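Per-chain residue numbering starts at 1, and chain names A, B and C are given in the order in which the chains are listed.
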Amino acid sequence: MAEMRYNVPNDQWPVHPEKATLEGRNKFVGFWTFLAGETVLFASLFATYLALKDQVPSQDHLVAAELYHLELAFVMTMFLLTSSLTSVFAVYHMRNNNFGKMQLWLGITVLLGAGFLALEIYEFVEYVSIGHTFRSSAFGSAFYFLIGTHGFHVIVGLIWITLLIIRNANRGLSVYTAAKVNTASLYWHFIDVVWVFIFTIVYLLGVL
Amino acid sequence: MKNSWTKTKFIMLMSVLTMFLAGCGENHLSALKPAGEVGRQQFNLMVISIAIMVLVIVVVTVAFSIAVFKSRRSQLGESFKPKQIAGNHTLEVIWTSIPIVLLIILAIPTVYFTFQQGDTTEMVNAKGEPNQDVTIINVTAHQYWWEFEYEHEGVVTSQDLVVPTGEKVFFNLKGADVKHSFWIPAAGGKLDTNVDGVNSFFLVFDDDKAQDADRLFYGKCAELCGPSHALMDFKVKALEKDDYEQWLADMKQIEEPLQADAGDAKEGQEIFNNSCIGCHAVTPTGAGAVGPNLTNFGDRELVAGYLEHNKENLVDWIKDPETLKPGNKMTGKYQLNDEEIEKVAEYLMTLKVDEGTGDKSKLRETKDEGGDK
Amino acid sequence: MAQVKGKKAGFGAVLWDYLTTVDHKKIAILYLIAGGFFFALGGIEAMLIRAQLAIPNNDFLSAGLFNEVITMHGTTMIFLAAMPLLFAFMNAVVPLQIGARDVAFPFLNSLGVWLFIFGGIFLNLSWFLGGAPDAGWTSYASLSIASPGHGIDFYAVGLQIAGAGTLISGINFATTIITMRAPGMTYMRMPLFTWTTLVAAILIVFAFPPLTIGVFLMIFDRMFGSNFFIVEAGGNTIIWEHLFWIFGHPEVYILILPAFGMFSEIFSVFSRKRLFGYSAMVFATVLIGFFGFMVWAHHMFTVGLGPTANAIFALATMAIAVPTGIKIFNWIATIWGGSIEFTTPMLYALAFIPSFVMGGVTGIMQAAAPADYQYHDSYFIVAHFHYVIVGGVVFALLAGLHFYWPIMTGTMLSEKLGKLEMVIFFIGFHCTFLIQHWLGLWGMPRRVFTYLDGQGYNAANMISSIGAALMAVAVIILLINIIKTLVKNEKVGRDPWGDGRTLEWSLPIPAPYYNFAQTPLIRGIDVLALEKEEGDGTIPSAGPVEPIHMPNNSFIPFMISLGLFIAGFGALYFASGKPWAIDAVADLPVRPWALYVLIAGLAITFISMGVRSWKDDLGYYITKEELEADLRELEARERGAN
């Protein structure tokens, strides 16, 4: 009986399947509230970073202008922005009750996100090799905490979406699963928006 | 039994009343007995705010008491049906605007004094160097003692702060290990000694107020800084300008450690030179030492910042500092037997600066030289 | 599927039920028990503090131990007693007040309570594992980095776990109030307690993340070798103070706003009069919440932020007095011309007004920055915030306990003992804290483990300690009252106070686990009073009896919290004896297992979360037939009672 509530025939598929049930609406409002909290979280991180930017114990530590590669950061930005777009496609197909295409675009989103993550790891490895580490200076601590927290969010998002793709593979679309996909997609957009701020405040202002 | 309880109650009642009537605490210690311009401004601000607030309390209490008294169900009866009122715009406007007016009355002096007391531009001259015309004292707070360095004269002392009366005394404050807060309640409010940078402010000590307090104010650490935070007191000697400069000159002329004459003190000095001098200087220079400067230890007001200044307490302190000041940095840094400790104490008690031997004109000379640089 | 009702369940079954419950009424009981326990613990710590300070040069507690006790007193009372107890009343009352069957996220509700309980246990285990935190509840960075041993680590990790629970509960209540209101329950018809809960929940969402970040900085510095607060490596300790107070000041409003809400309900009920100036009250609540975020630096007037910052924050702080004043006057106008019944909750509410005004006006005095240079970190501050928090929040908690006790347990606390408790508590409270204002002005700093004789502090401290003992007596009377009432177990019926005005009092006691058999229809403000006035006091239904969708119980919240609790120990001991560790823990023995414990704990948490996400949790239905049977049974019971 409980399952029936969620499995809607194709011709009755709602325009906003993610908000078709009370649980779905709760999830929608609750998740936006959560993202409000996350915004303050990142605001605190940005403030900490700005306060400690270039604060190093001695001259022989590298500072922002000597470290950052704008090109790499730009490529990373492109990866993440594109993945945000592909997740929009996934949600678009979800609303059209097109399960296959939704799964496909979610998959592409994951691949782009993984590409971003790989570049970030590459960047971190390079910084560590030239002595800019989490423990080398207050600047290092603040840099890795800010970028690392974002990176951690990316990892969580990737695992989350991947799990959704797999678990939904044999369940298909319902208003129950639609709410889950929509929430994950909201989260992914949020990660993307935060990265835009990181690109501007950390990298762009860092090399200028 | 019952009688003694009544008596205790009576005594307690009387002591409460006395306190409310006296109400102001001790001359050397109370924020309610301001000793100079800064403290007085703050006190006046308190009085303004208390006056406004008492007014508020009275209004609220009267309205509240009438409301409660008139509306008791025991008087009105069970059948009384209160009139259901949604609200009243006029009333809302009244009790929104009156507090705003009261707050503006308080806000004006607040902002004025905030900027006046935060103004330390006098500390530097046109060239951005320390201004030779004002007294500047660099305070470094340690767990759990205070170091005072006289900016222009280079004299370093600890625990007992000596200040001139009748002028602004500027302080540069910083914390050596953790954050502390520098507070001389009678002279004015506190300012934190951060570990991240230097804070500056000024206090004023009036000469007549200093006399009322026997020229000795109490200072305290006001920020939790570890187990012995409560014991991190210091003393402030407020001297007339002449006496202050004479004291500085007396200190400044000490270039070599004072030599003990003979006997125990002499032996004590040798032991001190072997075991203690690594941390404690006995000439008034070298700011930033590990331990307090002991040049004028014999003249100090207190042992360990809070015990009566005598040899017994000093011996106890050297024997077992951990018990007297838990968490201090001296414990375990030296190994002395009881006999040696006696001698070191004897020596330390002789470390008195001869009064009036310094040449004040020399103090001025160096000052002028410094100014010409 | 449906729960066992009416039958006597075994202890194991009851325990399992509470470990897995997602019912807001049972979670309220969990919050009440755990919060009450921590309140007692914090109270005992307070008694130790006052015993130590009763006489000068006392050696009842050593210097180090005293600092641990004050730290734990503050931390426990704020995070583990006051907030959870408020959550207890929010859980018990808010869904009933808005006509909801449960909160928006029953699963998260359970997760919130277990995170709080495990965080609280973690924090308090420090007493047995090498010493409690000792840098004050504010834990300022330079001292907390220097503090030797693992005490501060327990503080940081414990707060992080409990704080996560609070954040989750905040999101949950905000969502619940936004989405779950019954038909007709518009925002401007919501009872004040619901309104203040909504604002407090939103404050939690915005205020806790800065604390999370601040505590993470501390965790990383102390346990993973970073340099946020290490000045020699470029760090800055003032960051902690900012982050802490950006959280810390709104936190005060998170506590006091729900207290305001409860008092608003109590004034209204026991004056038999609707709240005066409802819209002004709502407006003031929102305004206080808003201003709450713009005044944090008034805790930092003596840090040396400069006159401009001090002046701005002084003015912003003064502005908060205006909405607070509006509230006070509206309460007075509410009881004015009413018909006051002096019940225990009402006595607390009446005592609250002068007490809280005292605390409020000293707050304005501190807003005058130059005068605050004198008050700051002295006993004046201690007096001020206890006037606000005890005179406001604790009075509300005690009032709420008596007021909502019937809803939570189905019985009524003894009014006689309650009034005795209230009078003693009230006297003890003023006796303890009034005199402390003077102590501060006489130059006594706060957080001192002792004071010297001859400074004029002796008599005042003795008076203060006697007052504290009186408060303890009052709490003991309350405990006796609770035990007596529970043993007697005399059940009460609907609307036990007789003058309930809002929806929660319209329900049968105990309320069925689905709360409302039919969704209620709300026709106006103070809906029960309205229906009593215009009809027979029954709330109309918005629709026919229909099957009700209910969430399943779950053990996963317990497991998620347990995982973090275990991981906490791994993080805590990770830095012990490592070459890169800060001085405070560098000399401790190396714990090679720490990393594995950390990973294992996090694995438990993340796998539990994965299971939650993987499994379909579709809930179950209560059928129409079951509901109708329940309704008939209830009708028979109530007819029998009459």
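Just so we're on the same page, contacts are C-beta pairs under 8 Å (C-beta built on N, C-alpha and C of every residue); 3 or more make two chains touch, one makes a residue touch a chain.
Please read all numbers here as calculations on a predicted model, not as lab measurements.
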{"item": "Innermost chain by mean C-alpha position", "value": "C"}
{"item": "Interface with more contacting C-beta pairs, comparing B-C to A-C", "value": "B-C"}
{"item": "Where subunit A and subunit B are represented by their mean Cα positions, the distance between them in whole Å", "value": "53"}
{"item": "Where subunit B and subunit C are represented by their mean Cα positions, the distance between them in whole Å", "value": "37"}
{"item": "Mean-CA-position distance for subunit C and subunit A (Å)", "value": "33"}
{"item": "Multi-partner residues of subunit C (each touching 2 or more other chains)", "value": "236"}
{"item": "Partner subunit C, residues of subunit B touching it in the complex", "value": "12, 15-16, 19, 23, 25-26, 29-32, 39, 41-42, 45-46, 48-50, 52-53, 56-57, 60-61, 63-64, 66-68, 70-73, 76, 80-88, 91-92, 95-96, 99-100, 103, 106-107, 109-111, 113-115, 117-119, 175, 177-179, 181, 183, 185-186, 188-192, 194-197, 199, 218, 220-231, 233, 306, 326-327"}
{"item": "Subunit A residues within the subunit C interface of the complex", "value": "1-3, 5-6, 22, 25-26, 29-30, 33-34, 36-38, 40-41, 43-45, 47-48, 51-52, 55-57, 134-142, 145, 160, 163-164, 167, 171, 176, 180"}
{"item": "Parts of subunit C lying in touch with subunit A, wherever the complex brings them together", "value": "104-105, 108, 167, 170-172, 174-175, 178-180, 202, 205-210, 212-214, 216-217, 220-221, 224-228, 230, 232-236, 239, 242-243, 246, 549, 580, 610, 613-614, 616, 618-621"}
{"item": "Residues of subunit C touching subunit B in the complex", "value": "62-64, 66-67, 134-136, 140, 142-143, 146-147, 231, 236-238, 271-274, 276-280, 302-304, 306-307, 310-311, 314-315, 318-319, 321-322, 325-326, 328-330, 332-333, 335-342, 350, 353-354, 357-358, 361-362, 364-365, 367-374, 376-378, 435, 438, 440-443, 445-452, 455-456, 459-460, 463"}
